[in-house]
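After this come two complexes, each holding chain A, first together with chain B and then together with chain C.
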Partner chain A sequence: MATDTDSEASVFGRVSRKKVIALRVVLLASSLVGIAALGALLAYVTYQAFDLQEVAPAWFLVYFLALVVPTAALSLWLRGRPDGLQVGAESAIALWGGTMAAAGAGIFFVAVQPVTWFATLVPVALVAGVTVALGRYTPISETVRLVVAAVLLGLALFGLPGVVPSASGLLGSLSTLPSDFVIVVATVVLPAAAAVGAYVALVREERRPGLVAGALTLVGVAAAGYGIGLTTGFSPGDAVLIPLFGLVPAAIHAWRTVQSEARSAAGLSLPVTIGAGSLVGAAAVDALGLTGPTPWLNWQFLTNLPNKSFPESAGVFPAIVGSLLLMIVVVVLAFPVGVGAAVYLEEYAPDNRFTRFVQVNISNLAGVPSVVYGLLGLAIFINTFGMESGSVAVGGMALGLLILPIVIISAQEAIRSVPASAREASYGMGATRWQTVRNVVLPQAMPGILTGTILALGRAIGETAPLLMIAAPDAYLGIPDGFLAPAAALPLQIYNLAFLPQSAFRTGVVPAGVVTMLAILLTMNGIAIILRNRYQNDS
Partner chain B sequence: MSHDSFGSDSPDPTDDDALIETDVSAGLDGDDPAGIDDGATVVEADGINVWYDDEQALDDVSLAVPENSVTAMIGPSGCGKSTFLRCINRMNDLIDAARVEGDLALRGKNVYDDDVDPVALRRRVGMVFQQPNPFPKSIYDNVAYGLKIQDVDADYDAVVEESLKRAALWDEVKDRLDESGTDLSGGQQQRLCIARAIAPDPEVVLMDEPASALDPVATSQIEDLIEGLADDYTVIIVTHNMQQAARISDQTAVFLTGGQLVEYDDTEKIFENPDNDRVEDYITGKFG
Partner chain C sequence: MSNESSRLELTRQTEQSPRERLARAFFFACATVSVLTTLGIVVALGSGAMRFFTFTADFGNAVGLFDYAGETVGVVDFLTGTEFSPTAADPSFGVLPLVAGTLMITVGSAVIALPLGVGTAIYLSEFASEQRRRYLKPALEVLAGIPTVVYGFFAIAYITPTLEATLGLELGLFNAASACIVVGIMIIPMVASVSEDAMSAVPDDLRQAGYGMGATKFDVVTGIVIPASISGIASSFILALSRAIGETMAVTLAAGQTPKMLNPLNPASYTESIETMTAAMIHLATGDISALGRAYHSLFGIGITLFVITLVMNLISDYVASRYREVY
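Moving on, here comes the complex of A and B:
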């Protein structure tokens, strides 16, 4: 009997097995062809950007032994511990992402002077405070309060042109203003320390540890930043951002891991091993007198101005600043509008012809070529409204329109994934549509919405065509000072560098720019993936 | 703390005035709906028809539900008992394809009148669903949700404690009110949903097969709880489980195929000596 079944099974197996295997191989190949091509390109570009062709094989061997072998061994060992490798990866990402965030914040304060930031923030904070206080202590309705807040905010930021000067203008023109260091500590470090304190208090369910942690963060970051400022070339105001973003998130992650009994704290040794391995490798290379690479992608490349004649001293700093400012404009425009549209379409819109028309056309807009959005920006913002061509605001608006349909569609998907039972529970309690959206739908959909928005931002940060159409300067020599100034962007700068006469631009500087841009993009995608994973764990 | 000491003086939105100030004169007069003569009538349906697109889900249903009692709706799947429950707090409004005709009065006021805001209505009619559906918020915030959205000026801590006690959940969760409601077991989640439904002190509590997704122990806890709730609330419960209806309800309405209300009477009468042969067949398991 058993033999019968066996022979039958093998007969059945023989019929299709070859085809199945062939199909599997073809499908596998088609999955890998894109990744393989991109991997080869990345490897080539990295090779060029770091100028690795001159390097002695012994140099690679030293770093392989000092850095790669210990890290790989530790990773293997960590796989056996509960969540070990995950903890290690998280702490490494926290350090790396924190460093990138510190750089981003530092670049922001290069483009927007701390004094301008202070003069804008103080009136905004005052108006917000007044609005909240009115809501708490007077029976004034929400609508009236919002209108009052909007009017006050307009007055505070813009004044009445020619009649009343704006509050921020007045503040900015004061003769004695706090130093950059004080401003950054008061407006960035203090809220961050308060958030850390609140988080610690929430986790420990006690006020005291929270107060202690908040105070420690404030004092520690301020002191460390001042110290870094004194010993390096950074101004104290910028230096504060390094410990704040670079170390505080990693420290919180480490603290939570040590507290948790289910996760192995051994994973925290992974970033330590990487750091120590790099130092040991550097020391060994130095002691052995091995020639290392002279990478095109170095500190000078990231912080210098562009240079059309000398590839060795060429930099992309203004383009990095321009890209960051563009992203801020894109987020501020596309996120609220996109999420609002998604909420309307999913939660409010009746299912009729008009809604279907809008829906179909949003999908169509997502496929419109980016150069068309550039043309739109040129026609509307520059020619019709007379805004300055090539300015950050115009570029940001064109890119914002470009990714708006993507943001809407991904936000719709996130909202749709909130279970109907959650909405029913809320409506059944007598919640209005808006209360349901705000209290139930949006909190549950937010990780998905953020993931989609970050991925869309990644698309916007690499766009070149719209910026060409609105005549963004491709080799602007100065650093943009605010949102109305013309600014280059990274992809545009790379495009321009590729057409310079000296071959070193094409073989060194362009690859360095590409690697810079890819590093930013991959970091953003990494954050999106972490958010998505966390979302899936929760639901 | 007595149950009446919270929520009853809640400020209701202006839209709700029409509903709130309606005089409580509803009785069994009118077109003689099936009914029982003890106590005041809270919910009175008169000729309710519901269609989902072209398909009729309820066919001319009329019945009157008395105050502070448990009324069970039983019947085979697809007979319209859940649809009827959802007519009472107008949850069917959320379904585009649903169309409701007929009168359904809450304390004498037709809830399908133009001047009734379904949001205001649902603040007076709590609902518990088949699948436990706590919000992914803390236990405290789950129970306080109704108070917060209705902007009730009350001692939230006291209301949350009282509601959880009434839902027989307080002893199990009093030390971890700030943990997520979704971390509780299925039976605890459903009791949390009941606490959430009664926290704003509604007049009627609708329950749509509240124990069908639970194990026997959790089911019996929920049943005990429902019997206790009838002291203060009018409970209308849809159930598949006839023994459950027999155990906990005062009145039973039997729906059979086609969305018709076949018989509605005291539970004892329905289960011991029903007038309708089809009901008898259904109760004894020969049909359905």
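Moving on, here comes the complex of A and C:
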């Protein structure tokens, strides 16, 4: 700045942009250093996980020409279309995330037997039906209805110990039970088909298309699943999950895109191009006789039991099952409690000392080191309440409390972004506070809440320290069979494998585990980012 | 739904109906869970730590608080001891070597993360186009989203060998330098996002006034934006350092498990294997020690020290952010 009076003119003359340009370059570099370092690390770990060392350059060239070039060209072209690239990314994530979800559901039925699932679900559904029917067709009061529902639920699940057997116990001990295929179709596919039907009916504002879509989903998924079961090694009960999760969400997304005037349906060709490119690449490599890599990260790695002595046959299946069960506990605990707390703080809480204390408390909890949550689980849940050390329930509770502040804070932000006018309109029509929360605030805030919850879940999946503190076991125990059994988790498995003496573990098995975990995490982040983008565009 | 039933519902639902009260009670209970969590942490750490410290000696009888009769350790011995060897035949429980280790990680990661984080924040808030921000911000979030155990593996498997090859350092399998680098990378986004929020909150009028006085962009950034957002930047530093102090898996994997008193300001210390407070806790929890002895209870002694340090830092960060904030 020119402040010297005697040399003012000359200083003005010498103002140059060099300093600014240098600053700009330094700042850009500093924002890229971390990203570039992580990028290099991730590239190298992927390289090791897929063991790309021995692969001939021609192999890369074939896949580059068949897969990368068309995909990149298509992406460039799609940028010129309205929402083209976004639609493409959405449909690709829908297919990929759906496949992951199908795998997750299949793994769930490994840990929880379909029969157990059936015997638990049917009584619960019956109780829910009775409760709704009581409310609709009898004049009994709300309070009585809730008490009746609670008693019925207790009887259905636990019975009176020693006097009345529980309904789920009775169901589970029946001599002729439906097959796994029938159970999965009845308890998973049927509700999903009903949801699809309801959604279609809502969008088209007509019942008939909804009924048709629901029926088509049910029949189509069941038939496709049975077909896949017959032709591959999957049992029909598991196979039915593949079309349900893998194809139905992508199909709905495609249908909505085609219907929409403002979005270009051309983006839907992106996943098709990727799939076709992979097939063409595989065929070309086969025809040319090029040897591809023998990746550490393969089907056997994902489905085998761990092995400390032979890296070639080591797997992570029990750890994946453990991680999935942990996530279920975390979601069931942290989502309702976190959203509930956020609703209380934003919609109900008076501005008094207690509220401010809760708010400060939540932001401080978010900064508590994760290892301390492990100590909490160890001292309170295990030493005081006597729960089994290392069990899924204890681990899930510790992780659930760990991400609770994150869920609350993100849900609060989402709720705060619902315009006050929407609430005022609801109150003005005579709605009560709960009706406003349920019908106005939560539906509008839900995409934001879901985004925050998915990101928080990603944090929970990667946490290791709390699990070590509560003495979660190595995966060598085998596959956990339920929520009260001790179970390992993927990050824990990585930690334990990193110190094994054979170098193949460090150069092959651990990278494969790392890539598996990062693939799950990045898929979840991708879904969260897409949800957020859609949501921001809408509002 | 018929007209009849909807009218019934309208008249039946008031703020005092059971459904309303139930909803309110449920939401309130949810909010209390967070308070209970804090209470649980305080009770868990406090009772464990009390068993560890010498309340027996202070009260002059064999059985102190919580009817715990085992051997204990003095608070002063714990806080000023310079040796930590919980499983030795003649164990000593001085927390200072662990604090020194934690301090090294904090200093080392700060050297990396603070300049890069502030640089990123300035770039994002003052220079980057909307398009660049849309790609940079999610990419930065990924840095914070990678599990820390993965960072720890990267440190021992890739970063240590790279450091040895490029800088010609003599490093062991475990060393503080690689741990500092990964912890630094992982806290960059925290510095960047909090600082950037503070810089974006600086009103445009101030910048325009600067330009009107003939200032260049360089002058505006260094003379107006940074001073105006200094409280936010400071609070982001404290938050990020508190995160580095509490960081567990990366330092457990990469920095090793040998407690040492080293000078954090001497660069040569960073080639050695150290142990942080968090790593010591993992070590104690996974090691083969009796669940009743002093070694086990030292877990809670270290835990409460760590908890208090991070809590104080978070409170200071809140205080700095609110006390020195320029309100526009």
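We take it that the second predicted complex is superposed on the first by the 512 of 539 C-alpha atoms of A that agree within 3 Å, B and C clash if a C-alpha of one lies under 4 Å from a C-alpha of the other, contacts with A are read in each partner's own complex, and residues count from 1 in each chain.
Going forward, a contact is a pair of C-beta atoms (placed from the backbone, for glycine too) under 8 Å apart; a residue touches a chain by one contact, two chains touch by 3 or more.
This one's a predicted model, so the numbers in the text were calculated from it and none came from an experiment.
Engineer: Per the contact definition in the header, classify A:68: touching chain B only (first), chain C only (second), both, or neither.
Structural biologist: neither
Engineer: Check whether A:351 is in contact with chain B, with chain C, with both or with neither, and answer first, second, both or neither.
Structural biologist: Only chain B; A:351 stays clear of chain C.
Engineer: Figure out whether A:440 sits in contact with chain B (first) or chain C (second), or with both, or with neither.
Structural biologist: first
Engineer: Between chain B and chain C, point out the one touching more chain A residues.
Structural biologist: Partner touching more chain A residues in the overlay: C.
Engineer: Considering only the touch criterion stated at the top, classify A:421 as touching first (chain B), second (chain C), both, or neither.
Structural biologist: first
Engineer: Which partner does A:430 reach: the first (chain B), the second (chain C), both, or neither?
Structural biologist: After superposing on A, A:430 lies in contact with both chain B and chain C.
Engineer: Taking the contacts chain A makes with chain B in one complex and with chain C in the other, which residues are shared?
Structural biologist: After superposing on chain A, chain A residues 430, 432, 435 contact both chain B and chain C.
Engineer: Touching chain A in the complex: which residues of chain C?
Structural biologist: So the residues of chain C touching chain A come out as 10, 13-15, 17-20, 22-24, 26-35, 37-38, 40-41, 43-45, 47-48, 115-116, 119-120, 122-124, 127, 136, 138-143, 145-150, 152-154, 156-159, 185, 188-189, 192, 213-219, 221, 223, 239, 242-243, 245-249, 252-253, 278, 281-282, 285-286, 299-300, 303, 306-307, 310-311, 313-315, 318.
Engineer: Mind pulling up the chain A residues that touch chain C in the complex?
Structural biologist: Residues 1-2, 12, 15, 17, 19-20, 23-24, 26-31, 33-35, 37-38, 41, 44-45, 141-143, 146, 336-341, 343-345, 347-349, 357-358, 360-365, 367-376, 378-380, 401, 404-405, 408, 430, 432-435, 437, 455, 458-459, 461-465, 468-469, 471, 491, 494-495, 498, 506-507, 510, 514, 517-518, 521-522, 525, 529 of chain A touch chain C in their complex.
Engineer: Using the touch rule from the top, collect the residues of chain B that touch chain A in their complex.
Structural biologist: It comes out as residues 89, 91, 94, 96, 119-124, 126-127, 129, 131, 133-136, 145-146, 148-150, 178, 193, 196-197, 200.
Engineer: Report the residues of chain A in contact with chain B in the complex, numbered from low to high.
Structural biologist: On the chain A side, the touching residues are 205, 350-351, 419, 421-432, 435, 439-440, 443-444, 538.
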